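Per-chain residue numbering starts at 1, and chain names A, B, C and D are given in the order in which the chains are listed.
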Amino acid sequence: MEHTANYIGLIPLLPLVGAVVIGLMHMFTCTGKAFSEKLYGALACVGPVLSFFLALVVFFHLRDLPVDQRHLTHNVFTWFAVGDLKVDMAFLVDPLSGLYLLFVTFIGSLIHIYSIGYMAGDENFGKFFCYLNLFLGSMLILVLGSGPVVMFVGWEGVGLCSYLLISFFATDTENVLAGNKAFIVNRIGDLGFVLGMSVLFWAIGSGGFDYLSLKANTHLLTPGVGIAVCLLLFIGACGKSAQIPLYVWLPDAMAGPTPVSALIHAATMVTAGVYMVARFSFMYAHFTTAGTIVAWVGILTALLSAIYGMFQSDIKKILAYSTVSQLGYMFAGVGVAAYSAGIFHVFTHAFFKALLFLGAGSVIYALHHQQDVWQMGGLKNKMPRTYMTMLIGALALAGFPPFSGFFSKDEILFMALANGHTGIWLIGVLVAAMTAYYTFRLIFLVFHGTPRNQEAYDHAHEAPAVMTVPLIVLAAGAALAGVLNLPALFGGNMVVSTWLEPSLTEHHPHMSHGVEILAMLASVVAVVIGITIAYKKFGQGAEEPEFTGFAKLGYHKFYVDEIYNAVFVQPFKGIGSVISRFLEPNVTDSFVKFATWIYRKAGTSFKALQVGYVRVYALYMVIGLSLMSLFLSQSIN
Amino acid sequence: MFSEGLFYAFSVLAVLGALGLVLFRHPMRGAMSLVVTMISLAGLYSLLSAKLIFVLQLIVYAGAIMSLIIFIIMFLNIQDNDLPVEEKRFAYTAGGIVVLIPVVYFLIKIAGTIPGVEATIVGSGFGGIKEVGLVLFQDWLLPFEIVSLLLLVTLVGAVVLAGKRRVGK
Amino acid sequence: MFEYALSVMIFLPILAGLALVLFPLRGQVARTVGLIVSIVILFMGIEMFIGFTGTSGMEYVQNTPWIESLGINYALGVDGISLLVLMAAAILYPLVFFVFDTRTKGFYGNLLIAQGAMIGAICATDMVLFYVFWEIMLLPIFFMIGLYGGANRLAATLKITIYTIAGSLLMLAALVYVGVSYHQQFGKWTFDIVQLSALDLGGGYAVLAFIMFMIAFAIKTPLFPFHTWLPDAYTEAPTSATFVLSAIMAKIGVYGIIRFVVPVFEIEFARFAMLLSLAGVVGMIYCGIAAISQKDMKRLMAFSSASHMGIIALGVFCMNVQALTGTLFQIAAHATSTGVLFLFVGLLEQRMKSREIGDLGGIAYRAPIFATFFAIAMLASVGLPGTNGFIGEFLIILGALKFSPFIAVLAGTTLIIGVCYMLWMFQRVFFEKTNEKTAEFQDLTAKEMLSFLPVILLILAMGIFPQAFIKKIEPAASQQVAKLFAMSQAQVADTAVPVSDQNNHKN
Amino acid sequence: MIQDYLILSIILFCLGILGVITRRNVFTVFMSIELMLNAANLAFIAFSRLHESMDGHVLAMMIMAVAAAEAALALAVVILLHKHKGKLDTNVFSLLRG
């Protein structure tokens, strides 16, 4: 099986080739006679599905290897080498990236299939699948990259695709602005990433700039440099994974088509930051200060966006804030050195969040692009399959046992407690209650009660099979994925954590089962409270309330967007116009203007001497002669 | 010492004539005083044993050129009110003199450095037609030809300028 | 035959250009001649690139005495430092002749002369020869903007001419100083750059000469605050001239610093490196922010180009091999992306009769091929991995970090600023709703597509397989840096001594 | 002795300059130029006497020829100008004013 490693390069390549082929086809036909949607759909799914099977092959090959040799590297070519810096276009599959690979390709394939139904009839059908394939390819590069630079390629690639897909319906300025925002905010994070990479390189990169060599050389880092690197990289993660203060783009990103929200803004791309922190676990574990900062940023983000989520009225925005909130959990997890728990939450979150988004998409599709939850209601009879699957997703998201979200979230909270971060644990439990509240608020408002918009209700219908089948598959995952990492308490043996062991640098603290049970009970109680309140308020149908006081602040997201706009965006535009209106013409130009002014002024002054009378010119000559004589007669005797 | 007396006499006359040229308002008077200068200069040439130039000065300058100028002045029949108004003429002259004093001073200083040869005796042929002619047609042949060409061009030019009035109509 | 290749590449375009200017020909004939000449140069350039061995020395050397009493030679050569600049000058030219066909023969003639002069300036290894070509370079630009430019062409022409002439004169003075000091130290005359690098200069005059050289190159590059000629000149110049200015000529400024200033003035260079890099970075930010508020697409591109030149110049001042290689690579990368972007703007202008961003919109739907090409060039310009823009920028920021973290952070903001103005422009031009003007927009014709496709592919190829280029330039860059270090480290003790050196030993 | 001639020549020359720069009458200006030519001639002759060579004489002759040519042309121009403008004032001709 030596040659298995050589397939690795194909995994990201297949979707990329698909993207190029579809892109070319679309580009040359979109203004004329287009190819059929079936052809596009088939072509689009070939790449991801093949990649998924290849990933399976690689994954099982990896499983067959002894634990301490579980890494396959495929060096495709030397990307660039300058001085000590040598960057290979190389791909690494180890337990961490193997697991990621598997669910990225799996969920990616599902969403491709789902999108065939969702996007049917769109005039840019081909373009959509080109972007989607491109995205998947980039994501796979991100996951498979053997070093930070290759990861950065995928990192930026997914950022680009995110931009393209958010602004997919580009005739609407709002959508494009959302795309711009996503790209620019991501770029702010990327700046941190690039600087972090650079610092890391100058510190220990000359011994090889891939994860394995870096891991071996981590001990050479001084604490200051190490923490700097960790924090700089974390800025990158903040941008990509929508953490404070760079989370603002993600809710706006819901402007894209719903499958995009599911694929990119829930399941895959946004978790890249978590993946990156886990990838660099050898550093974050080494420099715990940085880890703690990560954890606190994460849990605060979770709290903040949960507050936002409680007051939103757009179904996708609610899910978006829940995504941000769950990402906060993941960061709290990886921050408190519970890397496997964080990654496991990524894994389960991918299922239930994709499920919720696709379910929401199905609702939106049924109601002809109506996204306001206050216009919905009572849909459970009309869309039973969607309702059931979404309910499973909601339970998983809320962390209700025994659904997958319960195990992963609880593991994170428990690890926080076990590692001595009681504050994080407390906030985490609070957020769990809030999560349960807003999730079920959504469910109750959409599916229960009476229809608020009768006309839309009458036209509603269940989505076609191409859309519901992925929902069912995902629902199964959302319900059952938790089993994979069943803690010892329930007789499990933490399959995922054990599997990830070789890739991560973590140690499992030992705490008595008693504490574990208590912690678990606390979060279950919180969830139940959350659901109960939601039922009380919305279970029987409710009308849109007027928000006042704190709720109003929450509804307006604490005016953070407006503040950012006033503090960053407008000043920059202002400076820009000051430069081009004032500084450019008046200040920097002043050198050349001054020079020409002197010449012109001198010219006009000397012009007065040019009276036009020949005798006056003769007089000048004589004056010159006279002065010369005065000067020269000094030198004679 | 007779020659020195003559030199001073001619010098004073020449300077007076030049002053007259500069100061008289009417060009006719200026022309007449210039004639005085020309003739005094001719005398000075003779003192310098330049026989040919003495003759030429009298014939060409004082004779031909000055008659031409006077002829033209009379031809134009200049009245007093034709003349430009030069109110501050003397102030200008004073200013001009101030400007020129350094020049004069410098040039005189230079002239003082030239070794003054006190009245060497020159051969009787010096400055005669034959000697000048020999030099002219041997060493200076090309410039001579050029000057003749210049005269030709001038002739043509004068005809063209003067002939304009016919063309104009 | 190939040993005279450089001379041919210099004088074939110049002679052809002169012929076009002097003989009465029709515009189309002139264009065909220009096209043929530029394609010949293109193939010679490719052949030269393939044949280039990538050791650190000079190749394709030619050396004939020119003015022997002053030791001035007709000396040409290519090494890793000049290779990619030369390629930029040699390879991109046919595009200009392919795409735009409405110009007169004088314009085409000037274009060719500019190419010859630029190749001459790039290949010259004798300072005086370089200076001669440097001056010749300006002439065609003068005519191209002054005769064929936009509405405000005269002001723009005057501005660029005043600026560059002022710079050139300073350079001439400094050049004389260098020659004379060589004569004083070694007792013979030479302007050969290799021999001049042996000079040991010091004192106030050396600093003065260094500043004079730097001003000359800073104006051409342009470095902040000498950039003010650029927006006007780029905007008013006809598209092809803007292309020549931005894609190639500006790079010769940076190239000149690397080739002629650094080897001669090591100590002064090390002393001023911080200030200069600050100028580069500040210029980058300044021009980038200025670009945000532009309403004219071409002017926006002009500011963007100036902004990128700041980063490219920064790589030179960081004095390490990564940054220098990054600069050399970025020179070529930026030539492709910015050059193509300017040509695209020209195409837009030709079709829409307007460059105002506000007038446009929704072009992506009308012209998907055009939009895709534009987007690829734009992404290269903002440094997206996978395009050639990333490699250079990454290497420069990486190198800058070693030089000074502060500078590196500022330099890194290019990632953000570039995206800001580019995306905003892209949004307003290509996205949003089509209006009655853009509804009629024609996509690229087959001819245009075929002529742009190679460059677009080159952008991607240079991004995916940069090593093919880097391995040819890296030896020369590391040699230059090593020399610089050997000379300056002894004298300037406090210049960025690498922390990582100790780590290297440990590893 | 030669110095005396030279000094006279200088004085006459400067008087000629004075005439050119202070007077506005075309004729006077023109005659002042003639005066300057004569002053030069005197210097030539004086030097010729000093060096006992004929070259100065030749040059003086040539100056006379040139002066004659100049007189002919200049007077033609003066007549034309007088005919066009009716004046003899040099201030009338100021096309060179900046």
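FYI, contacts are C-beta pairs under 8 Å (C-beta built on N, C-alpha and C of every residue); 3 or more make two chains touch, one makes a residue touch a chain.
Since this is a predicted model, take the numbers as computed values, not measurements.
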Give me the ID of the chain with the smallest distance between its Cα centroid and the all-protein Cα centroid. C
Based only on mean CA positions, could you tell me how far chain B sits from chain D in angstrom? 7
Using CA atom averages as chain centres, what separation in Å is found between chain B and chain C? 69
Cα centroid separation between chain C and chain D, in whole Å? 63
For chain A paired with chain C, centre-to-centre distance based on mean C-alpha positions, whole Å: 36
Chain A, residues touching no fewer than two other chains: 619, 622
Enumerate the residues of chain C that touch no fewer than two other chains. none
Multi-chain touching residues of chain B, meaning two or more other chains, are 96, 100, 103, 107
Pairs of chains found to touch, sorted by chain label: A-B, A-C, A-D, B-D
How about chain D: which of its residues touch chain B in the complex? 1-8, 10-12, 14-19, 21-25, 27-28, 30-32, 34-35, 38, 41-42, 45-46, 48-50, 52-55, 57-58, 60-62, 64-73, 75-80, 82-83, 86-91
Quick check: in the complex, which residue numbers of chain A touch chain C? 23, 26-28, 30-31, 77-85, 149, 152-153, 155-157, 160, 163, 167, 170-173, 176-177, 179-180, 183-184, 187-188, 190-191, 194-195, 197-199, 201-204, 206-207, 217, 220, 572-573, 575-577, 579-581, 583-584, 588-589, 591-592, 595-596
Parts of chain B lying in touch with chain D, wherever the complex brings them together: 7, 11, 14-15, 18-19, 21-22, 24-25, 27, 30-31, 34, 37-38, 41, 44-45, 48-50, 52-53, 56-57, 60-61, 64-65, 68-69, 72-73, 75-76, 78, 82-84, 86, 89, 92-93, 95-97, 100, 103-104, 107-108, 111-112, 114, 116-120, 122, 126-127, 131-132, 134-136, 139-140, 143-144, 147, 150-151, 154-155, 157-158, 161-162, 164-165
How about chain C: which of its residues touch chain A in the complex? 158-159, 162-163, 166, 225-229, 231, 286, 289-294, 320-322, 325-326, 362, 364-369, 372, 379, 384-386, 390-391, 394-395, 397-398, 401-402, 405, 408-409, 412-413, 415-416, 419-420, 423-424, 427, 430-433, 443, 465-467, 470-471, 474, 477-478, 498-500, 503-504, 506-507
In the complex with chain B, residue positions of chain A that touch it: 619, 622-623, 625-627, 629-630, 632-633, 636-637
